[in-house]
Structure formats: structure tokens, C-alpha cells
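Below are two complexes that have chain A in common, paired first with chain B and then with chain C.
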Partner chain A sequence: MSTSYLISASYTWGQFTPVFFLAGLAILLLLADAFLSRLSKQAFPLIAAIGCFLATCGMVTGPWKNPYGMLAAGSAALCLLLAFDYRTVVHASVAGGDREEGSGELSILMLLATAGVVALTRARDLIMLFVSLETITLSSYALAGYFRRNRGSVEAGVKYLVLGAVSTGILVMGIAWFFGTTGTFALTTRFEQAALSNPYLCIGFLLSLALLFVGIFFKAGAVPMHTWIPDVYQGSPTPVSAFLAVVSKLAGFAALVLLTLPLAEMHRISAGMLKPVMFALSIVTIATLLVGNLGAIPQQNIKRLLGYSSIGQAGFILVFFTGLRSSLRVDTLFYLLAYGLATLPLFFVIGQLRMQRGNETISIFRGLGKTNPRIAFLTAVCLASLAGVPLTAGFLAKLTSFRSALMSTMPGAPITSALMVVMVICATAGFYYYFKVLRVMYWEEPPEDDLKVHFSALSTGVLSLCVLGILVLGVCPMLF
Partner chain B sequence: MTPLSHYLIFSGVLFSIGLTGAIIRRNILVVFMCLELMLTAANVALVGFSRAQGLEGVPVYDAQVMVLFIMAIAAAEVAVGLALIVAMFRARRGVESSSLTSLKD
Partner chain C sequence: MLIWLLIVPVLACLLIGLLSAPGRVTALVSASITMILGLYVVVVSMLPDFDTECLTTFCGIPLQFTTATPLCPLMLLLTVVVTFAALLGMHAPGKSAERSWSISTLLISAGATGAFLSDNIISFYAFHELALIPTFVMIGYYGRGERRTIAWRTTIYLGLASMVLLAGLVMLCIEMGTTSISQMHALVTVYGKLPGTPVTMGIISGLLLAGFGTLVSLFPFHSWAAPAYASAPTPIAMLHAGVLKKFGLYGLFTLAWALGPASRFLFEGWNEVLLVLLLGNVLWVGYVTVAQTRLDKMLGNSSVMHMGYLFLAFAAYVTSSGSNYLALQGAGMLMLAHGLSIAMLFLLAGQIEQRTGTLELCALGGLARRAPTLGFLFGLAGMASIGLPLLANFVGEFAIFLSCFVGWVPGASSDCGSGCGFLDSISSLLGGLGSVQLCVVFALWGLVISAVYMLRAIRRIFAGEIAPSCENVARLSCSEVLSASLLGALLLLFGIAPFLII
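Let's look at the complex of A and B:
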């Protein structure tokens, strides 16, 4: 038992430099917000985006190399640019009118949450995992309810708070039982195997795993804890919805990877010990796929539709975990990259359309093919990638997911066959609901007085770059 | 000395009360108290385990450090949570979860 001290002391200060940089920048901006009253609040998201971008560059290679952290910081930079693009609504909703006070914290909270995500990707024990996960969650509560005069935003904040706190309670209980059965907080195969092969501790250890998974499923948006997603995406400010959809989901999956890799190692050494875990994960995956993809079909609100779509896509990512193979780390990263590249630009389009056409139903895309043919084409590529059309990154990601289910270590088991059938049904349903938006763009006649929607150079640029990324990854994935 | 199982049963009962309360109560403030109860239950279990894992009367302090982290984060959660509940009260003159119905399709 006393060896646990040796294991938990394996962090160095240096590997957390990007985290300190992001958190330090957040504190500096907080001071600037309080004392430099002449600094325009418009500068805050830009400075924060540049900081996130620098952190992304820093994590490409060298001592801070961290692919998950890179993807998180890069996506956060795009969310901050979206907050800049969306600033008129932010200013109007926070202080009322054109006044800017109180809108700087949006960028600061996003920076702090991003620092949490980058720290999470570096975690090697449950204490670090818990503290960084809560850094993200606490910032996200405030972000979801940021427009405090807006009923929808406050409601989203409260719903997120209640369900998030339930999941925190469950996660903490799981951590307690994990410690009780293994004697350490470190995520190592050796201690977990010892706990699992001891008949007295086996049940307690499986209980702790179940609680830990359920607590983290809240962030990843998988089935028992998915209920907040549609409501919170709909009610939150659009940049925050984008942040929750991409960065926060990435944090959930990074935590799941950390939790699952020791199990995958154990599965490689002695197959069969983890049958109950694999079975439970398969059930959760099937339920997530069905709820997300079938729930998306009747949706009329576009942010709600993207919420259900994010649950559905999480289902396809969870397929990697059901097999407990050690390739899940890379596969998950590629899927998240494809998902982020397609989802973030959609939020840019929604932000602009929402400002100029006044609501959030799918009909705001009406006639975009006629009024803004270029934007309509770029949006169409993003939707096609989410649905999984060949030659896009989304197709390859879905293909990896199907291949992973085929090569599952439980071939022929009824649960694996059921999973395959459900995946086919859900991929087909995806074509239906993503192409519903496409149909509105190209085949619905716009009213005569519909104006051309103005897109800022920033959103057009981000949209083009992301679409370029989708196509390049879809044609030659070896670049990944 | 009290055996470990007593602490675990106590913590399990606290956790169940908290979870049930969080699911069935309608007043957000009461729900919030139930959520704190769940965190407390985990703290009790952690301290119990820390004693039981220890050798010769010296507990494993890792778990007690974790308890401190949980308390700090619970305090931060209360600060953010009560702010949101106040905002909700201002927006709709009540803190019943049954009034949270404006977000739907």
C-alpha cells in the first residue's frame, strides 16, 4: 500500500507549462478587465484566441507534445473567435444596448476551462482527473448561464448545474471506492488487476468503475447522463454551445481514454476478466447511438438538432471503447478531430444567421443556396462530413468506428451483432437529419424579400479553413 | 474500534438519500443541498478507507488530501450554483424546477 506514494509523484512542473500559460493569461485578462477600463471588451476574445492558438502551437512537438491538448486548445481558439464574431449579441444580452461592461469574463471563463482540459489530458491519477474535470465543469456552469437576463440561458445554466453536480457526486463516490479497492489513486494496470482478481474486492472495484464511467459520461454525453445536452445547447449563448459541443466533449473522451487504457492493457494480458465491463459498455453504446440519432430526426431547432447529433456522434466514438483495444487512443482522437472540424464551422454559420434572421429554427437556412451560394456549399460539406459521405474526414472516422466494431474481441456474441445492426440504422438516420438542413438550403424557395446574409471575413475564413481540413483529411488521411 | 463496514453503510445511506432527493425534490435549493450530501457521503467513505488502508494506526494520507480537494471544489460549486439560482429567482420569481420549461422543441 505504501507504494502509492511513489506512483502519485510522477508529475513534473514542465509538462504543465501550457496549462500555466493559459491560466496565467486568464488571470491577466481578469486584472485587465477590472483595472484597464479603457481597453475595449472586443479585444478580450481576440487576445484569448491568440493565447489558445500559441498554446496549440506549443503542444505540436517537443517537451509539451500533447495531441489531445492541441486539439482542445485549437478548438477553444475557434470558439473564442466565434465569441468575437458574435460580440454584438453578447454586449446586448449582458449589459443591454451597446454597452460593453461585463462581457469580458466570457473569454476568461473559456480560457480557464481550456486550461482545465489541457491539464486533464496530462492526468495520470484520479485526483488530477477530478480537479481538472471540475475546473471545466465549474467554468461551464457560469458560461451556460452567462446571459443572465435571458430566460433560456439561465434555465440552461440551472439545468446544467443540477445534472453536472449529480454527476460530480457519482464520480467522487467512484473515486472513493476506487481508492478503497486498489489502495491508490493512480490509474495503473497492476493495482487494478490485483483488485479485480481478489474475490473480496472484485465487486467493489467493478462498482467503482461503473460510478466513474457514469460520472464521466456526463461530459462525453453518453446515455445515462445525456439528458442535459439538447436543453443546454439550445439555451446557452452560441459560442458557449460550440464550446460545450467540441471542447467539453473532448475533455470527456480524454478522461474516458485515461480510464480505459489500463483496462485495455489488462484485457491484453488476460482476456476474459473484463467481460462484464465490455458488455456494459456495449449496452451504453447502443443506447447512446439510438437516443442521439433517432432523437435528432424530429428536431426543428438547429442547436437542439446539433445537440442530438453530438450524442449520436458520441455513440460512434464509444464503439472504440467497447473492444478495449489499445488503438482506441488514436481512433478517438481522429474521430474527435473530424467531428470538431465539421461542428465548429456550423456554429459560426448559426451565429450569423441567428443574428440576421432572428430565430434558431432550421428554416433560417432557407434559400441560402441562392442568396449565399459559397457559404451554402461550405455548410453542405460540413453536414456531409457529419453524415459520413465519402471523401470527407467524417466518412473515414465512421469507417474506423465500423471496423473497430467488426474487429471486436467478442466476435459472434449477440451483443456485437446487435451493435453492428444499430450502427447501420443510426448512420442511415444521420443522412436523413443532416440532409434535412441541406434540403432547406437548396430546395426551399426563399420569400421574395429575403436579403443576402452578410458573413464577416472572419467566419468565411474559418469556414473555408475547416472545410479544407475536412477534405484534405478525407482524401489523404496519412497526413493525420 | 468501529469496523470499516459501519462507515461504508453510513456513507451509502447518505449517498442514497442525496441521490433520491436530487431526483424527486422540486425546489432547486433542496436539490442543491442533496447534491452536497452526495459529496459528503463520498468524503465519509474516503476517510474510512484511508484509516482501513493504513498500517499500524497511520492512515494513508492520499485519501484525506483528496477529501480536502473535494471540499474546496464543493465550496466553489456552491458559489457558482447559488449565483445561478439567484439569477433564476430574478428571472422567474421562483426556484421550482417545474417552472423550467422554456427550452423545448
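Let's look at the complex of A and C:
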């Protein structure tokens, strides 16, 4: 057996140029952090953000064309800009208050994780998938616990580390079973079909799929591996929460797409063989939808609310996978784009409000409609997009999800009907908890001692651009 | 060209919202433009062999708009007229309130216009959803009483309904293979395509009836409506009860029209249920209306009650496989007339409250002596809402009742009824009336009920001793008279000459 059976032979160095660029930039910044003491630490996030933007532009078209990687690098650039905007707090916390400047680790770790995501989108086999996932995960552990002196942050880091280790173990177990039953690490339809149609290997192969899915669900934030999300989002520094909510989730779904596409191809050739997989995915989707959307209802902490919301949105994305249709690649990308466009700006707003109003409960939005009407409007559009109000990208994303659920399987099958009912309930629950923030913004009086909240030009600019994107995509989705 | 009906109000909103243009004036200018444009569209779309392509494209780009569905011109007329009247008769409490009232009125109106003109089912749904948002915000911000609780409850209630509706619409589109209403019509009438298997059709029609039904306040999904209308600021109540609520009926009728003969199969399983529920609207909610002691609550409930007749027309229309054109015409007429009359009643109720500071029926009295014009106009609107001949509501209700007997042959109930069932077994006892015809017999009692509450309200408010609250009441101003009489005149016009628009 030649090695080309073990891993995919289709890798070329050129494909990975953006990855090397990002990783190289991270190493350069690391060196600069150590040796160039005259370079202001505040410039680090900015340089890293510019690097990510360049990588994004590079992946638009040509030999490095990579839509998922583009979305990842673009979102990472915004997270880094948020870290830049948030810098006073970031550095003050790290240095314990007396030193002006901290270190540039935050940007470096984010860059490394982003390089991992971009590499992941290029993976063709489980080895590459595992290595890049671990790059992301290891960087994220450190990011989540970045505020060493903050109990919440440390708790988040530890929780993330423990649960992450468990998920890695499961993933490795899955890879081993996969290799044992198919004889290869490559994700190809041919070997998987052979394993599935062999009565001795079939069970083992399905077990390997189950383990692989569960391992990746940790990143995507799906039940049963969702428990870390609310705690870690709440405890992590805001830029890191944003990064975990968007970039890391995107990595999870990119990995799921890689894993599912060969199955979708198999399903197209011979429908019926994969019924148990579809059934299990439907169950997971239903559970994820319910946990995320119903769990979000009682939340008072805004970052925790966004954590549950991200689980709920993951549920709507998972609907694409239940049908095992090859259009899931594009559908998932569009949903992730709509989700990222609405979620990232919210973290910018939360970042500023948290710094100026001092806590993280929903009440920090109090009276924003009176004190900062423009920001309040932009925030409202983002929330409306997440809830799925028409003329926003979020509506079309939800619509695609509904359509996919209806088209996916045989109409009338109990699991499909159950999925539909749950989707309707969960979409309504979304209206409830997203509009709860809206209600606080517009219906409650601003706190007396607080006047206008100051928003930097950077936050306002990012917010406006994202909202513009939401509206443009909501009106003309054909641009996508 | 139809796109201007949406662009003009949105531009006006931007002017008011961003450039601080005077609220009422700007909105009135915009409403006048859309009214003239809308009337032009209504007139030309009724001309035989008029090429509507110039209407439905913009710079050569097809807009996926249509005026070809049978109820579209009527709904467009209703929207532009009620919007104009609502803005003309508006009295906002203060400058900033005036601006937000104007903006939300224009947005609701634009959303409703977009929904009525859409040929694409998804944008049809989306426009309505957009129009609901300002409604919620305005109730929560400027409403009366427990406004926040009411707005919140309405949001969740209608949000759930919209999701159910969306599921039904998407399922229908998938089964038909198209999202365009006119293409659906062509597919059914030319190729005889059916929307799926009987089971699928049962699911689709159930979702559609539950979704649209909640939006139109079909019994028992009606409990959001009366509190919301009672709490909403006047222009919002006028637009929502008068115009936006017709969206659900418009959707049901348009889809039934588009599916033509297939509509009978689609809704067959639910017909009996629908007939019972609509009687719940007419009789149950009718008695609830009689028991109300506040004018706004009474008007809200009466609006819910009258929806029962429209569902009756729908039942008659679908059981006839879409051949019962009289039912469609009657429903169109009643939708228009009900929209005009309920908007007029809410407008005048707002003016009564503004003058006397109360809407409790027992605290009012003898108002006609102090404000005779108000009394006359309210009387006119009340009579229209009861269904007095020579007013438009009468034409609609009469046509609906009549249409239920179209094609009915005494003794041959299975021709008109919906097959076997509980209602049919009663009907065989009653001389072979079909279930639809039987339903008419019960629904006719609703006419008496509405006469009871409306006449009693008019007597309490306008006749008798002058109550303390009505002592120093100012007369109606010129613009107030104008806006109410515009609606009243149309009610009278279409009551005398219904052939003008049908």
C-alpha cells in the first residue's frame, strides 16, 4: 500500500501560502514582542489585523481561492480590530494595573489559531484535520484564560481545557476507528462506501463516524459537546469570546463539511445506506436547537446569552447536514456569513458598553435608543438579523435552513416533522430573547448617572459596515 | 413603476428620521403622492387589455410584482386611502411623537403595499413581517394601559404565527416547484398540477390556516387582537386593523385563486373545522363584544368578529374549487369596506378620547349635542359596520351570504358541503342544507349581535344627558372632518355603486 492511500496526495505547497503567511506573521510578531521593546504593544493587534485582511484579500480568487478561509480570516481580522479597540482593558488586566503595556500574545495566538482555521479548510484527510484543529484549540485555551488575574477568565480557560481534552480524545479515537475500518485517513467516498457495505466493518465505521462527529461538535458547539460555550464566552475577554463565537465555530463547521461531503456523495449514489447517520444527525440537531434557543430565554448576562444564541444558531446550521445533500457546503457558508456579520458587531458594542457601564448584564443596553440612537439602530439591525427578520441576511439564512429541512428527507417521516416543529418553536424563541435586548434598548430609561456612551470611530465604522453587509445580502442574496 | 409606491414612503421616512423634516407634513405629502399613484394603478389595472408590464418593471428589471391577482387592486386602494386618512387625522402628543408616528405609519403602509403587490411568495411574507415591527414598537412606546405587556405578548404571538406560516408557505413552494404566485396559477390551470399528496396537502393547508388565521385573528387564535388594537395609538390601530390584518385573508384568497381547482383538494380536510371556528368568531366573539364597556375594546373585538364572515367566504370559495367568483368578489368588497369602516371608527374613537379624556362607555353621554359632526360621522361608520344597505359593508356581506348558496341544489347536500361529517349529519335533519349553507344560518345571527353593540354604543356616547366629561368638547377641526369624511364618502360610494370596483 503506497502512502497515497493513507493520506490525500492532492496537497500542494501553493495551496497553503495563506497559512504560511499567517503563521509567519505570528512568528515575526513573537520575535518583535521579545526583541523590539520600542515597538508599542498596542500596534500588535493592528498589524495582525492588517495581516489577516491581506490574507483575506489573497483568498478571494486565483490559486488560493478559499471561501471558508476568507470568511475565517476576515472575521479574525475583525476580532483583532476589536482587541485593538479594547486594548486599554486588555493590557491593564494583563499587567495587573501598574504597567502601561502588556504583551502582544493575544494577537499572536489569534493569528496562529486563524492559520489553523485556514489550514483546516484545505484539509483532505483526517491527519490534516486533526493537526489544524489542535492548532486552533491549543491557541484558544490560552486565549480563553488570557486574563490571568481574573477569576472568570481563569475558570473559562480551565473548563475549556478540560472539556477540550475530552473532545480531542474522542476525536482521536474516531480517527483510529476510521483508519481501522477503511484503511485510510483520506476522506473519500470510495473507501467509506466499501467499509459501509461490508457487514463486518459497517458497525465499526458507523462508530468511527459517531466519534468523529462528536469530537468536532465540540468546536461547532452542538449537543452533546456544547456545555463549555456559555461559561467560556462569559468568562473570556470580549475579543476572545468574539473569536470563539465566530472563527472557532466556523472551523468546527468547516470540519463538519469536510467530513459530511463524502457521505453526501455516497447518499446521492445510493440513498438509504446512511439512514442511521441522518437519523442521528436529526436527533442532534433537534437537541441543539432546543438547548440553545430555550436555554437563552432566561439569560441575563449578555455574553452568556450570545453563547446560548450561538448554540441555537449552530442548530439551524446543522439542519443542512441532516439531509446529506451536497448543497450543504454553500448553505453552511452563507449561514455562517450571516451569523458572523451579525454577531461580531454585537461584540464590539458589548465591549464598549462593558467598559463604560461596568458590567455585562443585559441592562447595560438600557436606554441606548435615547443616548446613542445611531448605535442603537445598528445594534437593532444585527439582533433582527440573528432573529431572522426579513430584509436581513439572517432571514434568508433561516429561510434556507427551513427549506433544507423540508426538502431533506421523506415528507411525513416522524423525525422530519419533529424537526420542523422544533424549528418553528426555536425561531419564535429567538424572537423572544433577541428582542429582549431590543426592548431594554428602546423601552427602558437610560441610567441617570450615565450619559452618552462613547463609541470609537473604529467600532462605529465596523458596526456600520457589517450592518450594510447584512442589509445588502438580505436584499440581493445573488451577490453572494 | 410600482416600486415608487414603496420608494416614496421610505424616502419620506429617511427625510423625517435623518434630516428632521417636519413629521406630519412630509408624511402627508408622501401619502398624497402614493394615493394618486395608487389610484392610477387601480384604474389602469382594471382596464381590459392594459399591458401591465410597464407597472411591474423598473428600468427594465422585473420586480416580481403583479396586479393580476383579483384582490390586489382593492387592497392597494384600501392601503393608500387609509394611510392618507390616518396621517391627516393624526394628533400626536408632541413633536418627537409626531415624527415617530409618521414614520411608523408610512412604514406599515409601505410594508402592506409591498405585500399586496408581491408576486413572489417569500417577499410577500417578508413585507408583512417588516410592517409588523413598527406596529409592535409603537404599541410598546405610545400605547395605552399595559402597553409593554401587550406589545410583548403580541410580538411573541404573531412571531410564532409567522414561523408557522413560513413553514407552510415554503412547503407549498417546494411542492409546486416555484415561488411565484402567477406561475403557480399557470401550473395549476394549464397543467393541472396538484400540490403534493393528500397528506402533504393536509399539512400545508393546516399550517397556512393556522398561520394566516392567527394573523387575521381566527377563533381561537384571536386573543391578541382586541388588547393590541385597544392599546395602539390611533394611526397604528387604523392601519393595523384596517389594512395590515387583511394580509392574512388576502394571502388565503390569493393562494386559493392561484391554485384554482386544486384549492378544494388542498383545504378539504380542514373545511369543517374552519366552519366551526368561524362561527366561534361571529358568535362567541360577538357576545364578548356585547359585554365590553370601553369603546376601544369594543371596536377591537368587533373587528375580530367581522373576520368570521370573510372566512365564510373563503370556505365557500374553496369548496367550489375556485369557481365561485361571487364569494371572491364579496370577500374583496367586505375586506375593503371593513378596512375603511374600522379605520374610520378607530379614528373617531381617538378623537373622542382626545376631547373627553375617556373611552369608558358609562362616562360618556350626549356628545352629539356638543359635537354634531362627530356624532354624524361616527353614526355613519357604525351603520356601515353593522351592514346597513347603501353602505359598502352591506354589499360585501350580502354577496358573501348569497355566494354560499351558489350551485346549491335543495336536497343534494354533498354537492356543496364538504362530504361527510358532523355538520352534514345535522344538515340532513334540516332539509338538506350543506355544511356551508348551515353555517350561514348561524352566521346571520351575527348581524343582530353587531347591531346590538354598535347601536348601544352610539346611544350611550352621543344621546342622552350630557355627561360631565362631554361638557366642554371642541368641535372637529377641518382636517379631522376631512379625513373621516374621505373614508365615509368611499363607504357610501361603494355601497351605492359597487360595480365601480368589482
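Methods note: the second predicted complex is superposed on the first by the 469 of 480 C-alpha atoms of A that agree within 3 Å, B and C clash if a C-alpha of one lies under 4 Å from a C-alpha of the other, contacts with A are read in each partner's own complex, and residues count from 1 in each chain.
Operating definition for what follows: contacts are C-beta pairs under 8 Å (C-beta built on N, C-alpha and C of every residue); 3 or more make two chains touch, one makes a residue touch a chain.
These numbers come from a predicted model, not from an experiment.
With both complexes superposed, B is the one of chain B and chain C in contact with more chain A residues.
Look at A:L391: by the touch rule set out above, it reaches chain C but stays clear of chain B.
Within the superposed three-chain model, A:N301 lies in touch with chain B and out of touch with chain C [touch as defined at top]. Judged by the touch definition given at the top, the superposed model places A:R149 against chain B, while chain C stays out of reach. Using the contact criterion defined above for the overlaid structures, shared-chain residue A:F179 touches chain B, although it does not reach chain C. By the touch criterion defined above, A:L161 reaches chain B but does not reach chain C.
Using the contact criterion defined above for the overlaid structures, shared-chain residue A:Y141 touches chain B, although it does not reach chain C. Within chain A, not a single residue is touched by chain B in the first complex and by chain C in the second. Contacts from chain A toward chain B in the complex involve residues 1-2, 4-5, 8, 126-127, 130-131, 134, 138, 141-142, 145, 148-149, 151-152, 154-159, 161-162, 165-166, 168-170, 172-173, 175-177, 179-180, 183-185, 230-231, 234-235, 298-301, 304. Those residues of chain A that touch chain C in the shared complex are 384, 389-391, 395, 399, 402-403, 406-407, 411-412, 420, 423-425, 427-428, 431-432, 435, 439, 442-443. Taken together, the chain C residues at the contact with chain A in this complex read 122, 125-127, 129-130, 133, 137, 140-141, 148, 152, 155-156, 159-160, 163-164, 166-167, 170-171, 174, 196-197, 199-200, 203. On the side of chain B, the complex with chain A involves touching residues 8, 11, 15, 18-19, 22, 28, 31-32, 35, 38-39, 41-43, 45-46, 48-50, 52-55, 60, 62-63, 65-66, 69-70, 73, 76-77, 80-81, 83-85, 87-88, 90-92, 97, 100, 102-105.
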